[in-house]
Amino acid sequence: MANNEKPKLAMYWSSSCGGCEISVLNIHEHILTVDEVFDVAFFPCIADFKTKDVEAYPDDYITVCLWNGAIRNAENEEMAHLLRKKSMFMVAYGSCAYEGCIPALSNLTSKEATYNTVYKDNPSLDNPDGIIPKTSVKVAEGELTIPEFYHTVKSLDQVVDVDYYLPGCPPEPPQIWAVLQVIVGALLEGTPLPPKGSIVGVTNVAVCEECDLEKNEKVISRFYRPYEIVPEPGICLLDQGIMCMGPATRGGCEALCPSVGMGCRGCYGPMPGVEDQGAKMLSAVASVIGAGNENMEEAEIEAEIQAVVDTIADPAGTFYRFSMAHSLLQRAKVNGSNGKGEA
Amino acid sequence: MADKLTFSREISNLMYAGHGSPLNQCIQCGTCSGTCPAVEFMDQTPRRLIGMINADLKDAVLNTNTYWVCASCYHCTVRCPAKIDIAGAMYAVKRYSIWFKTYSDDLVGPVFSETFMKTIARNGRSYEPILATSYIFGFGAKEFFKEVQGATKMMLKGRIPVLPSRIKRLKNFQSMIQHIIPVGEEE
Amino acid sequence: MSEKYEPVIVGFLCNWCSYRAADLAGTARIQYAPNLRAIRVMCSGRVDPQFVLKALRDGADGVMIAGCHPGECHYVNGNIKTMRRFMLLQKMLTQLGIEEERVQLVWASASEGIVLAEKIDQMTEALRTLGPLNWKKRVLNSGNGYQAAEAIPVLEEA
Amino acid sequence: MKKYAYFPGCSLEKMAISYHDSALETTRALGVELEELEDWNCCGATTYFHLDEILANTLVARNLAMAEKQGLDLVAPCSACYKNAYFTNAYIQEDEDLAEHINYALEADDLQLSGDLSVHHLIEIFVNDVGVEEVKNKVTRPLEGIKIVPYYGCQIVRPRKDGENIEDPQFFEELLTAMGAEAVDFANKTRCCGGSLLISNRRAALDMIRILLQNAENSGADVIATACPLCQVNLECYQAQVNDEFGTNYAMPVMYFTQILGLALGIPRKKLRIGSELVSAIPVLSKYLKKEVS
Amino acid sequence: MSEKKHPDNKERVGVYVCHCGTNISKVVDVEEVARWAGEQPNVEVSRDYKFMCSSLGQELIEQDIKEKGLTRVVCASCSPHMHEKTFRTACERGGLNPFLFEMTNIREHDSWITDDKEAATIKAKSLVRGSIDRVVHHEPLDQIPVEINPNTLVVGGGIAGITSALELADAGYHVYLVEREPSIGGHMAQLDKTFPTLDCSACILTPKMVDVGQHDNITLLTWSEVEQVDGFLGNFTITVRKKARYVNEEHCTGCGICIEKCPFNVVDDIFEAGMGTRKVIYRPFPQAVPKYPVIDKENCVYFQKGKCKACEIFCPTEPNSIDFEQEDEILQIEVGNIILATGYDLFDVKRIPQYGYGKLENVFTSLEFERMVNAAGPTDGKIVLRDQETKPKSVAIVHCVGSRDENYHKYCSKVCCMYSLKFAHLVHERIPDAEIYDCYIDMRTPGKGYEEFYNRLLEEGTHFIRGKVAEITDAARIPEEEGKLIVQVEDTLIGRQRRVPVDMVILSPAMEAREGSKEVSQLFKMGCDFDGFFIERHPKLDPVATMTDGILIAGACQGPKDVPESVSQGAAAAARVAGLISRGTVMMEPVRASIDQDACSGCRICNNMCPYNAIIFHEEENVSEVITALCQGCGTCVAACPSSVITGAHFTNDQLLSQIEGILWDMRPEKVTA
């Protein structure tokens, strides 16, 4: 970047909760540095920009685009392509952009089912005519269109090329600052950039390493849902039968959740070399089920194991809470009309 | 392995619910014939009959009386070390010979069977006297006399019915039979 | 493929029992459906659920995991761990709309060539009745392309 | 008290009516209810299997289906009927194809058979359900000093029923001992009586009967107990023919085990139709019958 | 999007498709497969050849490695269990690490199971593609040397076990011989004569037993049972329970006075097969090794009622050898190899009621007869009926009692024909005027001098009846049958049922697997078939080894056998072990798990995955570690590790995932037209 202009920062949200935007402000006084280093080129959440403004920018005009949110509909995809075109660095910011996160859980069901829940059978709404969104509708003034709602939720990198990933739901302040530093450093001091595709602000060891709870050999004879048990302090939650994705999740968060007695949900995504975080955790958890041994009759073994398996209410939702869109199967095979993924 | 329909194959096919081993598993050990309580009255022992079936000696097999002498006591079947349902096989040969009318006329068995079946098809239940008339000619005068003697004695003791009994839902019963094979029409 | 649909099964056979059972089936010239494509692992306990999902995603219509009978595992109890994983996996697969018949766990000792052959025949038939899975094309609508829900081939759940 | 669908079979209507009556008497005395199958049909005996296996099984299936409809297990006093019922019932479960054929035929009489009822021979009711001990307790007239042949015949124990000792069964002996009688060790207890041959091959049948009578006499028995009308008629009604044929002079009473049991339970002999047999059992039983008078 | 490392440097793979004569090529279009393989990514060269396992076939591979600089080799032929070793060594000769080779099974798994050429060829292609994509991810590995402990455990002191023990001991290696009875000798010690040479069993066996008893290299543990087996080839740890004898082996001289003085007799069901009695303190038979007696606690009046002690009172040794306080000892033994020679049981003839055993008193079992004709036996070798005096004038011998019978044992017990003939001979010899009827299904006498022995019996005048005996009864029909046993059988050669009246019947029961052999096979972590016999590694080429390295089998525990066969197997097993020991170390497959210490988070999921306890946890570093020496390579921990930091060498995730992808090459959306 030979020019002496300030680098341009953009942040856009697609299918997400908005927590990521807030998290940016969480970097406290650093936000001032950000302000002095960057010009904000596009940030609908804090300043009024229109899409046409962005369209007007020359390509690669924006230095860094922090994209948060999953790809849920045609508009999301459109904007993704646009911002990709206009930005030098596209950062998948937060779990939704990285691997689908909560929005992608709707991949367990169908578009119709989602519509039904949102527009039809839902106690809180009043829609006697059962109207559901159509991509285009004719009115007196002419034709109105809204973006198409996709059947399958995707992560950002499933639609556009992504330079860096910043996992977390939302990312933790130190990480955010870290990734901005990296880029700023590169721009101002010309320090080398991490290789394209890097996941920044994380460690390469699972959460357990950062978790101080005492871990023992695991033999789990039943699982508890958070409301069913008060965890014994100081002891590994998984050892107590409380589901904790820590073992299958990248570190970097300082094990925030486990340290306060809440099992890790896995928002930092899979470990290096893991194709499917959910499957891996499933395998680990099942392996330490304390049921069945080689001296029992097959039927007994099955019965014992089944009893424990029954205490895991919603495996798909538990193991894929954040990584559905990036999982191997990516979505459920569902009957288009009644979308329930569960059988 | 050839798919031409051999006699042995035909017989096996007739053993529909026969849940034993196929006939070609026979090791010719003779347990069946050693067991058989009626073997002395057979012109071929059951073992030989199996052997002959496996050798496709169709006519030779059908010309024996062996399968009609079989009292279907299943003693051979339960002892067979190859788990062949020998009594079942005997039935199969009986069926074959009745269907293709290959049995010799001096045999009482088939005639009896047919009458028996007709009686049931007609009444839904069997009835000894009717049966008697149908096979009695199969006997010499002496036996005939004896039969009657015995029969009369039983009659006196009230052990032979005077009239045949019939079942109520006879029509359904008969059409049930029709569903399987067209026999038993009232002629 | 066009005239009669031939399902493709990826089989994970343990080195000591089921792979040998398959060898035996061959040596004994037992004729059975050629639809299973075997991958040898040392123990059914090596089968990572990722493998199963990978196979389904990459186009398999079904996955068979085969090991030694419980109590006969060459590694004492590897197959018990397989059972644990398999049963939890099955529960999750139902949530993902994948019929039970598509992923099966079977036992076959080294001497049970016939047993394995029968299991493979049965599974092949079961899959034939279920029809093709063809995940990427029929469920993900090939690669990353999008498609409205209406266009998604509707597969009734079991 | 346990209740069963009771399938008497053709013989018990007349020929073996004493079996029929004594069966009802004894079961009642021991608290078992037999409800006669309404509109039962002939099961085809062994003969129908000469003609068509599916048809034969269908005849049997009709009776089974009617019992199933009433939600009762089936009891047959005739060994041939029992064997047919037992195996048709088993095949129905094993063999879907057969089940399909049969049920198709049964539609003609608005019946269906799933095959999940169980089928018992009458004697099994006393041995398994009532139990030998219970019988013992109910005996009011122990038959001490009488030697009885426990004659099983073929089809109670054959063809194979898994896990049972079908070559040297013991339950009949146990039952007789419970009545206070002495069960003689009868080598030919499961040897065929030739019943089904009487018509087709008389010589054979008579010879087979002879062998049994001989064995019975040699073993010093007073009476032969049977659990099958065919065996009974054979062994008894044809003794005369046997004697003529082979110049022997057997006079061996042959009774239904239910008649003997009834006696031991103190049921009056008329009700058991003791005396309707051709070779009278009265002499052998006289001392127990006297008790009846006093 | 996980950072999966794809090998940027393109590998050079050689693919070789074998015709296996016509075994493969008659169903699979091998030329086509080879041609097609050539077009697959990373493939440098691909060929088809008549016999890849032939030396010429192997040379092909070696040349290509040298000339075409192959870095990976795939061979599509038979099962890896058949020829993996062969081709690995070929690669090695070619200068390529043997583990850069992958085998594709297109024979057992393909050409032999279908005749659908098209389907078979498609299947072959996908299997080959799977291997290609897999082998690209292979890494060079070195086999792991394992030290072999030179001591050997032999389980079972029958003739097979005795032979193994002596062979090894004479070769200078130490042997622990464990026998659960009070004396070694096994079934052979119960026999009188051995066919076909008719030399006295005891005369040839006793010297060997004595050798075992006195051999410096043999630790003899009788009246003992193996309770636990840990470890693996080269280093087993065995836990043995040495049951209390109540006789102190240090002091006992085996004088036998205690036995003499013991006032109580009990029926000897084991050695005398119920034919004779023994004292409560006893030695199974006079030539027993070791000589020390055993007190049968259940029947000992002192143990039951608290008085007697006759044995102690009369024991002449100082200090007294009787020790009522003695307790079971638990011993730990370290060995490198195990030979199982646990022998067989005899079929329980009571299971065939129609043969009347137990009901008809003069029906005997073969073992009873063996004891009877044994000069040292209960009747001093006299052949008599149960009444102990009457000589039978006629004897029937019944073959195949429980053998060749789907109701009991499908298999042929192999030895019965011969020992039945032996019985016939012995009766001829001892009761020259007796009529002997030998009822057989087929006369099976394959063996040196066996058929000749059969001929000899024909000359001696045995009446042979070809037919399986239907029943044995005492229900006479004619005067000649009165008071006799009647053997009812079809003489199949004349096609008539015969009723043969005899005084004595000898049943020749099947040999069956020892009761509890299934438990034994689990204890030793090896296979046993449905009849309960132990499974050999290869039925033809490897009859004494098992699927479990370091565990061998000999004698009748592997299947029915006669003495000569058992002996040769005993020797063969010993030779195997001796060979291993002399090598000192064995090379083991490097298929082992290892944990990336830097990436392990210490979650401890894997800690109790390992059946061999090869995984340990380091508290201070908070990481787990696999002890390579203990790891057996099953890969269960690899599958369990939630962060994929455990690698299973030669079965890595990359290798297997790529194989899956490859095997499904024809199922990719663009290829599927469904």
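Per-chain residue numbering starts at 1, and chain names A, B, C, D and E are given in the order in which the chains are listed.
As a convention for this text, a contact is a pair of C-beta atoms (placed from the backbone, for glycine too) under 8 Å apart; a residue touches a chain by one contact, two chains touch by 3 or more.
Source: prediction; values computed, not measured.
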item	value
Chain labels contacting subunit A and also subunit E	C
Length of the shortest touching-chain route, subunit B through to subunit D	1
Centroid-based (C-alpha) most distant chain relative to subunit C	D
Reference subunit B; chain at largest CA-centroid distance	A
C-E or B-E, whichever has more C-beta pairs in contact	C-E
Subunit D-subunit E separation of Cα centroids, rounded to whole Å	50
Separation of subunit A from subunit C, taking each centre as the mean of its C-alpha atoms, in whole Å	31
Distance from the mean Cα position of subunit D to that of subunit C, given in whole angstrom	53
For subunit D, residues that touch 2 or more chains besides their own	167, 211
Touching two or more other chains - residues of subunit A	274-275, 280, 283, 287, 294
In subunit C, residues with contacts to at least two other chains	48-50, 54, 71, 76-77, 81, 85
Interchain contacts (touch definition) - all pairs	A-C, A-E, B-D, B-E, C-E, D-E
Footprint of subunit D on subunit B - complex, ascending	14-17, 19, 37-38, 40-41, 65, 68-69, 71-75, 77-78, 85, 87, 91, 94-95, 98, 107-110, 112-114, 116-117, 120, 124-128, 131, 135, 138-139, 143, 146, 149-150, 153-154, 157-161, 165, 167-169, 172-173, 175-181, 183
Complex contact set, residues of subunit E against subunit B	354, 400, 404-407, 441-442, 466-471, 488-492, 495-497
Touching residues (chain side subunit A, partner subunit E) in the complex	99, 155, 157, 165, 197, 204-209, 215-219, 236, 238, 246-248, 251, 270-275, 280-281, 283-284, 287-288, 294, 326
Subunit A partner contacts - residues on subunit E that touch it in the complex	1-4, 522, 598-605, 607-609, 617, 622, 636, 639-645, 653, 657
In the complex, subunit D residues that touch subunit B	10, 13-17, 39-42, 44-55, 57-59, 62, 87, 91, 94-95, 98, 101, 104-110, 154-155, 158-160, 166-167, 190-192, 194-197, 199-205, 207-208, 211, 237-238, 240-241, 244, 276-278
